[in-house]
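What follows is a pair of complexes built around subunit A, which joins subunit B in one and subunit C in the other.
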Partner chain A sequence: MKITFPHMGTIGILGEAIFKRFGREVILPPKTSKRTLTLGSRYSPEFACLPLKVTLGNLIEALENGADTILMLAASGPCRFGYYATLQNLILKNLDYEYELITLDYNMPNNLRKLKRLAKRKNCFQIGEAFRFGFLKLLTMEKMERLAHRIRPYEIKKGSTTKAYEETSRIIRRTFSFKKLRQARRKATSLLRGVSLNRTRNPLKIGVVGETYTVLEPYVNLEVERKLGEMGCEIHRPVWATDYIISMLPIFNRWGPRRKYRKAARPYLKQEVGGECIVSIGGTVLYARGGFDGIVHIAPFTCLPEIVAQGILSKVKKELNIPILTLVLDEHTAQAGLVTRLEAFVDLLERRRNKKVIGDR
Partner chain B sequence: MNIYLGIDVGSISTNLAVIDEEKKVLAWEYLLTGGRPIEAVQRGLKEIEKKLPSQVEIRGGGSTGSARHLTGILIGADTVKSEIIAHAVAASHLIPEVKTIFEIGGQDSKIIIVRDGVVVDFAMNTICAAGTGSFLDHQAQRLGVPIEEFGNLALQSKTPTRVAGRCTVFAESDMIHKQQTGHATENIVAGLCQALVRNYLNNVGKGKELLPPVVFQGGVAANKGMKAAFEEELGYEVIVPEYYHVMGAIGVAILAQETIVETKKTKFKGFEVSEVDYKTRSFECTGCPNLCEVIEVLMSGEVISRWGDRCGKWEVLEK
Partner chain C sequence: MAIKVGIPRALLYYRFYPLWKTFFTELGAEVIVSEPTTQEIFKKGLKKFVGDTCLPIKMVFGHVITLADKVDYLFIPRLVSIERDTCLCPHFAGLPDVLCAIMPDLPPILDIHFNVRKKGATMKSIYEAGKRFNKNPFKVYRAYQKAQREYEKFLKRIKDGITPQEAIKIFDGEEVSPPEKKKGGLNIALIGNPYTVYDSFSSLDIIQRLRKLGARIYTSEMIPDEIIEEKVRTLSKKIYWSFGKETVGSAFHFLDSPEIDGLIYIISFECGPDSLLKEIVDDKARKNKRVAYMSLVIDEHTGETGMDTRLDAFIEMIKRRRAKK
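Up next, the complex of A and B:
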């Protein structure tokens, strides 16, 4: 049994850690690339959203590399994502791939039965430890990402933060025990702290909100966070893979990390309408109150929850007086158009902050 | 005399403008890019140099437009800014009380919202070309009307025909049907202007507060039919500035002046760059499955810049 699952930012770390501890072989898809996108969009319905196409490409590439078991999340929510497993299963079967599909959904007893089978003969304690380790590893990785977001605008040599972050990612990915993880974390932190910085700068603070997949997957969003960082902006975002997973569990659904965003969004939207709509709105409200300079809102083309969010955000923008740039991503998005918009947006924020009236000297 | 140079290299046209310390426009140049930005810039530099008085010193230069990065390297620009800021700066300089800027160029269109001299919001056309100059150009060709006469012809119409403007394909089929049922050309032309205005306001201007004074600039502003259609739709006057077609270049020249106040010294290489042999070439990097197309700029056979790679390994030149 060789397990695989699609990429979504760094989330692969979690699954890999858990199943390796179960004693299973994991074949992660190769890093998402142009080939992944080409394969995925060749076999997907034309009007499907971008994440479906890219994750399908991931699965095809993993199957080519010898994976024989696909693990997917499914069920009724949060948006069309609930149907991905079903649709991708149909497409892959039509392409004559041989594999077993295992889906996890909201039926917890059923999920536990499936996991128990995947866990070979591990006892409940060992299973719990595997989950704890996987989660901790993912959390460590996210801590590093957060740190990279904070230091990138101060870096003296352009690209040095990204280089250091990639090295920390390699170090953390290699570890498969609690002890090693602690060591890796220390090493990784010192590596990022070692990037030479110019602390006299005063970076713009930008909140990046939007649909989970496009926010988390740098290939798909054309590395928007890195680009903004290198233009001198400090990035904050409400969307994290760990939060996403916690919110999937029934007990935390109500009280978990989404709660503060739901509360902040209340004057504009009183209930969940699928996807991360409410997080995008709540996040924007919280960032605006926190004195941020601007918001970048990311969504894949045809994403309904984010279209709703876009409509509501235009009101938030007016009432809380915060500039918002919405970026709609699809497979044809060329770098140049995106860069022009980002550059103009950053210029706008800078001139706005410095109250620089045009023509003033 | 101290002067500042601004160059706006767009997909259709390349514009140059020279301003003095008082931000007065001394000379401008408008030529077609023709898909060869380097040549267009060099040609433009040669032309504009001829128009300048002999005793001038270039204190600074800036570049904007979709080829701004390439141009910036070519001329040694002091500032490289996006079109949006450049257009806003130029419009606010010429019409200080401006609140809304419409800019329609050959391949793209944008709207810029300015309040109290500060850019507060902007949008660019994202999905289609139905709101740009090339749409008008294409339809003018179909009707056999020279694009220069398009605007005047539209003004002659008393009963403009309604043409679907959401998509060039719809517009074209709609137009053919109207032609075949005997509508006069001037009515169709006026209808096209209205369709484009509707499309622009619905797509690009979506959700924006359009307050007068409105400044209308970019190549399409030459079309009087468009100006009239905008005024009819909005219900107030739309200002087309004197230098409507080279506003981006003027804006970035002003920005270059701003930059020089801080940096004091210009990086501008001088008009001699029009004589230097610049070439670009590209190759496909096979380092990973992304197969990025990397562009190299060569000055007299030596690589001076590279871009196009996602990972950044080619961008940094070993010195």
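Up next, the complex of A and C:
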């Protein structure tokens, strides 16, 4: 049994860690690339949302590499995500691939049974440890990413943060025990701390909000965060894979890490509509109140919850007086155009800030 | 003077209008419905909208604008789900908030969380809706019961074989002569979201066009719920969108019924659920050699001539298939 699952940012780390500890072989899809996107869009329905296409591409590439078991999440609406697994299954079966599909949904007892089967003859304690380890590893990875976001605008040599971050990511990915992970963390932190910085700069603060998948997957958002960072902006974002996973658990649904966004969004959106809509709005509100300079809102073309968010953000923008740049992405989005738009946006924010400083005097 | 409640002729108007209208009229309000969609109404809405979305949501903006200065309340329920186990697309749950955000000067919106069909709306949301017109919960409840009776009559009329548009006309007291049954005529099934199919602007009046070509029309509303449930059970995961379930369930049913000659799936461009479900229906239809199938993806730029050409070709295809048999 060779397990695979689609990429979503760094989330693959979690699955890989857990199943390796179960003693299973994991075949991660190759890093998302042009080929992934082409393959995915060739076989997907034309108007499906971008994440479906890219993850389908991931699965095809993993199957080509010999994976024979696919693990997918399948929530139940209201958005399209919950139906991904069914649809991709239909498409892959029509392409004559042979594999077994395992889906995890909100039916917890059922999930446990499925996991138990995957866990070979491991006992409950070992299963729990595997999950704890996977989660910790993912958390460590995210800590590094956060740190990279903070220091990138100060870097003296352009690209040095990214280089260090890639190295840390490699170090962390290699570890498969708690002890090694602790060591890796220390090493990774010192690597990132070692990037030479110019602390006299005063970077713009930008919040990046939007649909989970496109925010988390750098290839798909054309590395918006790195680009903004290298233009001298400090990036914050409300969307993190660990938070996403925690809020999928029934108890934390309401009380989990996303509660503050939900509360902040309440005056603008009275009803949860699915997807990241409420986090996009809540995040924007909190960042605006926190004195950020601007917001970049990322959404795949035709993304339902984010269209709702976009409508509502037009009001938030006026009321809280914060510039918002909406980037709608699809498989044809071009690098060049995106860079121009980002540069124009950063320019605007700088001018705004200078005006404010003069006005305050 | 009676309080005026405005109902946009869009979205779930095509499914629930008799229910809503009876309810508000019973409580002494005057119900005003916006005019059928025209290019002009549509353009008005388009100007306001931020971003890009499906045709039906763009249309509702136009309707709301034309109603805004004529009414005291706008009735735009917050429809999260209209039956157990399924929900509506995210647009429905967010619509009242989006409308408020984009057009702050609208009359107050009655945005009630409605949950009808299976168990009836919850008592609380019914009272929420009615209390502005009559404070007495019993009166409100009675009005609702009456509304539900009217609604059931309306559903029954559709099940007997007329389209929802015509059933609404009958409800409003107009005369509708049921299309005559012609021997040897073509039987064509139309599936898709009700507000795309029955709005004559968005669907370019496809029903009349097909009838002119001599076809008898079947729609998913005519199929009993049990059959739809049974048909979708063959899928590995339940479809959790109400209209999606109806669409796919009835598509499967039509593909299996011997009297149906053709199946047309009408989809609005950029519709989220349908973009995925189309694949499932396409797949099933491809494997079916008997029923002719076509999907029409429409948006505001779809032209009449293009539509006519495609329909003509489709009818030709059916006739050829028949001749072969």
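Details
Following the convention adopted for this analysis, the second predicted complex is superposed on the first by the 353 of 361 C-alpha atoms of A that agree within 3 Å, B and C clash if a C-alpha of one lies under 4 Å from a C-alpha of the other, contacts with A are read in each partner's own complex, and residues count from 1 in each chain.
Convention: a contact is a pair of C-beta atoms (placed from the backbone, for glycine too) under 8 Å apart; a residue touches a chain by one contact, two chains touch by 3 or more.
Because the structure is a prediction, the values reported are computed rather than measured.
Overlaying the two complexes via subunit A leaves subunit B and subunit C side by side, clear of any clash. Taking the C-alpha centre of subunit A as the apex, the lines running to the C-alpha centres of subunit B and subunit C meet at 80 degrees, rounded to a multiple of 10. Contact with both subunit B and subunit C is seen for A:314 once the two complexes are overlaid on the shared chain.
Judged by the touch definition given at the top, the superposed model places A:328 against both subunit B and subunit C.
With both structures placed on the common chain, the touch criterion links A:41 to neither subunit B nor subunit C. When both complexes are overlaid on chain A, the residue A:343 reaches subunit B alone and has no touch with subunit C. In the superposed model, A:280 lies in contact with neither subunit B nor subunit C. Contacts of A:175 after superposition: neither subunit B nor subunit C is touched. In the superposition on chain A, no contact is made by A:55 with either subunit B or subunit C.
Of the two partner chains, neither subunit B nor subunit C is touched by A:161. Contact comparison for subunit A: of subunit B and subunit C, C touches the greater number of residues.
Using the contact criterion defined above for the overlaid structures, shared-chain residue A:272 touches subunit C, although it does not reach subunit B.
Taking all C-alpha atoms of subunit B against all those of subunit C in the superposed arrangement, the shortest distance found is 5 Å. The contact surfaces that subunit B and subunit C form on subunit A in the two complexes overlap at residues 314, 328. If you check the complex, the residues on subunit A that touch subunit C are 45-49, 52, 74, 76-80, 82-83, 85-87, 89-91, 94, 103, 268-275, 277, 301-305, 307-308, 310-312, 314-316, 326, 328. Residues 30-31, 33-36, 159, 162, 219, 223, 314, 323, 328, 336-337, 340-341, 343-345, 347-348, 351-352, 355-361 of subunit A are the ones that touch subunit B when the two sit in their complex. Chain contact summary for the complex, subunit B toward subunit A: residues 23, 66, 81-85, 88-89, 92-93, 96, 114, 116-122, 124, 126, 207, 254, 258, 261, 288-291, 310, 312, 315-316. By the touch rule above, subunit C contacts subunit A in their complex via residues 49-53, 57, 78, 80, 86-91, 93-94, 96-98, 100-102, 104, 111, 113, 235-241, 269-273, 275-276, 278-280, 283, 297.
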